[in-house]
Amino acid sequence: MLNPKTIDDASIDQRVYQLNLGPQHPSTHGVMHLLVTLDGEVVLKVEPVIGYSHRGHEKMAENRTYEQFLPNPARMDYLSGMIFNHGYCMAVEKLCGIEVPRRAEYIRVITSELNRIASHFIGAMDYAMGLGAITPFLWGWDDREHILDLLEGITSYGRFGGVRNDITREFYDGTRRFIDRLRGRFWDYENLINQNIIFIKRSQDVGVITKEVALDYGVTGPTLRGSGVGYDVRKREPYSAYPEFTFEIPTREAGDCLARYQVRMAEMEQSLNIIEQALDHLPPGPIRAKVPRFVTPPEGDCYCAFESARGAVGFYIVSDGSRIPYRIKVRAPSFSNLFVLTEICPGHFLADVIAIFGSIDVTVPEIDR
Amino acid sequence: MEVKGNGPICIPSRDLSQEYVESPAVVGFAPVQDLLDLARVNSLWPLTFGIACCAIEMMAAGVARFDWDRFGIIPRGTPRQSDVMVVAGTIPHKLVSTIKTLYDQMPAPRYVIAMGNCAISGGPFSYDGQYAIVNGADKIIPVDVYIPGCPPRPEALLQGFIKIQTQITKGIIDANRRADKAARKHKK
Amino acid sequence: MNITQLPYLKDIYAFLGSDVMSGMVGLLIIAAIVPLNVAFLVLVERKVAGHIQLRPGPMEVGPHGILQTLIDAVKLLGKEMVTPQSTDKLIFFLAPIIVVAPAFVGFVPIPFSPMMQVKDVNVGILLIFAFSSISVISILMAGWSSNNKYSLIGAVRSVAQNVAYEIPLLLATMSVIIMTNTFKMGEIVQAQSSVWFIFYQPLAAMIFFIATTAETNRAPFDLVEAESELVSGFHTEYTGMRFSLFFLAEYTNMVIAAAMFTVLFLGGWYGPLFPGMIWFLIKTYFLIFVVMWARWTYPRIRFDQLMNFAWKVLIPFALVNLLLTAIVLKVV
Amino acid sequence: MPTAEPTKPLENIRNSLVQVIPEAELLDRDYQECGYHLEVRLVMRGMRRMAREMKDRRFFLETITAVDFLEYFHLIYLFTTYNEASFRVMARVKLLPEVRPFSVWTIYPEAIWLEREVYDFFGIRFEGHPDLKRIINPDDVDYFPLLKNFGKTKFTTDIDDILC
């Protein structure tokens, strides 16, 4: 094998070749382009090329009022739209100093956690599909549809100062039923995937992210927790109603693809616990604080971090005292997580690149924004 | 072609109507053509090419609840073996050449569905000062069916497929192309 | 009453049999049956996949979608046949033709019942092995001529995989052959009239099953067209009917592999109640179902694991098995 | 409302930062209002020294971004730690146009991409960056979209160039 560090253009002509994975490729989760340099089947170098889904969200924010920008965060990371919506509302509330009613916080947490489960289903099952197992993917999506039904039922999109709609009886009962259903389903996934010898052989010791590498690249989310670092914004900088619930942050020490997959599956169970507690102790009261029709934050800036299904997201908002944000910057966890590929992929096989890419679970429009 | 606002002017480089390929197996014999149409209608294989949010809905159309395999729709990874291109999402400038290439790689007869507002007109991302996106898939490739929504539900996508099916069996798509061709001949 | 024992049928067979005539008729029947069989199998595959994945599969074309694959074939006939500019045109054109031919020949020596056999060639098993190796060449031709990196990687993987798995496959077959002392498939089946060889040779049967799955490029060994890595593998650049010829060959090879397993280990046409033909088909299609079942359950294994498995596990075990068989036969 | 209460570590980092970058202005900020605990104001120099110090204290680089104030830029670095007591330190570098800040990629490799992004959107060139090219916008464009005077000028993109 050639030394990855010594590849130059001359060696590319002779022995090494480049393969374009993407922009259109079945397993790149949207339009992602990985420029892979290969020696036979062994990967020497991976260079992700991004920007194929760039839509100018940040520029758009400077042309919109705070309210008009409200639909956008959900379209950055479309897999965890509720969480992004929650986070953006929190950021603006922090900037304006709006106090949110407790009931609204609970509803936000419930929807966020439901969305986290939905997102982890895609994350974990897309990984399985990257390994070639298509059935888990369809099973996961089937369960995800149940979550989407619930979320559709209330359309409780966050508004500044609270949520739009209160939760209904059907939502309450449906969520209870869903929790029971999903707890039963974990056994199926355990049998289908976790105990599958090929799955374990393909995942173990593949794409190991050490703690040092994670620190270098600012990795967050389940990808980091697979490396044994229990960093989760929900615990470290508790926001919303999270400090009122007891839940664990699952971690695995190995740092390989299997660990990341296991962390996702374990987090789903924790999310179920949070939802259950929130439903048990749902406080009465209003669902929205008195907020003017157009919020006008004072001059200043604020950074609001929260945990999406992919890692620590941050909204950095600079206000000049008008109705229109001066600048909104989104700290995208996928952006940092994706860059790790360049560090951990060399030396693996081509098939492993797909596996690693699937296991760090990125959303492309969130990277490109 | 005029584009409103100060957004980038997106004029196709060539006259696209010249690139319409008459489907190679258009037969003069009506029953055979009908049979072919029937076959095309019932096995529309889309290209797995999701761009943004709409791609998730497109994938949802393929899984257990909606299951587009019922209608004989199975996604293919390579454009060479697919019939329909579902442009599911916003089209940034960086992606334009890719979409064009993919469309050219598909064998005739090929159909295009523009899924979601972004692929129809730029949708929510079209505003004065937008620098990144193309305002609609039809600026780049000919589109047969538009599905509005942000994003549209999977049912809407299935309806879009059914719309294409009716267009094929009624000969609308091919008739359009023939009319185009005739118009061009007339011009000359 | 067994239909094959009807006197007049025997007369007809005698008229046609042991002649060029029988070969011709047999080949015609094969040529008619194989594509239909493949259409049926693709439908079964989609239905099996559907039901494993909690969805119904094709439903709209004909009752429960039984006409789906025929419709697909007609559609593929009507598609434009693209030959990309940078391909090696002649090889690109020849590859799908060459891939189909051995698939048809493979049916010749297979005994569906004592009578239903085109020709009981005295090197029947070798014939099938010899011709199935040709399909590798055609895959390599397809991959090379496409001038596409995905295709080329798929093709190279295919060659490596076939070289690796041919050996345990032959070794496993040999342990049956030395028990029967014949390459004639009909005689191998007759040797199992009391006990099926799968009970004498469970290890060989397992190795044979795994190796044929790999030989026919089915999951979990479908690295040749691994769609999550290589888009569509060696046939990425193929359109329309040419692409469907590759499909035809893949599924036909699957039938041949299952039929060989039935002949070698599952006692061919032997079985109670039903006529032999039915038993043969039941066994064959059950095996095909198992292969499909595995495909929709297991992930794909990695290339190096695949090679390691062949060279470090299957071949030693097959050799040991062959040796033991030989010793036992000598002693007994 | 619960808070992530900064305790002793914040004092430690504050003291060491004063030693490492004496020219910087250190401001305590209210976490409830701003979302970060400590703001370090720098002019031009000292960013790499600070990044080294933060790395030694096991902080990770959360993001780099810029804000265009027409006459000058604010270059913003956010550091957070994986440790139990989580708090956030912001470095705010005031940057005049045409001035090249130093890259911190040798300390945080992640900065390679983050700085490319800043360059892509603001046109700020980083000194010592190994591969400073566009990351999200196409390679051949000549605009920096997040500049404040960008939206007001009328511009066109020639799509023909991209098409073939």
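In this document, chain identifiers A, B, C and D correspond to the written order of the chains, with residue numbering beginning at 1 in each.
Just so we're on the same page, a residue touches a chain if its C-beta (ideal position, glycine included) is under 8 Å from a C-beta of that chain, and two chains touch if they have at least 3 such contacts.
Being a predicted model, the structure only gives us computed values, none of them experimental.
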Of A-C and A-D, whichever chain pair has more C-beta contact pairs: A-D
Centre distance in Å when chain A and chain C are each reduced to the mean of their C-alpha atoms: 44
Whole-Å gap separating chain C and chain D, where each centre is the average of the chain's CA atoms: 61
Computed distance of Cα centres, chain D from chain A, in Å: 23
Inter-chain centre distance, chain B versus chain C - centres from mean C-alpha coordinates, in Å: 38
Interface hub residues of chain A, defined as touching at least two other chains: 25-26, 51, 54, 56, 59, 63, 138-139, 142, 368
Multi-partner residues of chain B (at least 2 other chains): 63-65, 77, 94, 128-129, 131-132
Residue numbers of chain C (touch at least two other chains): 53-55, 227, 231
Pairs of chains satisfying the touch condition: A-B, A-C, A-D, B-C, B-D
Complex contacts: residues of chain B adjacent to chain A: 47-53, 55-56, 59-60, 63-65, 77, 79, 89-90, 92, 94-95, 98, 102, 118, 124-125, 127-133, 150-151
Complex interface listing, chain B residues touching chain C: 21, 23-25, 35-36, 38-40, 42-43, 63-65, 67, 69-72, 74, 76-78, 80-81, 83, 105, 107-109
Chain B-touching residues of chain D, taken from the complex the two chains share: 137-138, 141, 143, 145, 150-151, 154-157, 159-160, 162-164
Residues of chain A touching chain D in the complex: 50-51, 54, 56, 58-59, 62-63, 91, 94, 97, 214-218, 224, 229, 231, 236-238, 243, 300-305, 312, 314, 316, 318, 326-327, 329, 331, 335-336, 339, 343, 368-369
Contacting residues of chain C [partner chain A, same complex]: 49, 52-55, 149-150, 153, 219-220, 222-223, 226-229, 231, 296-305
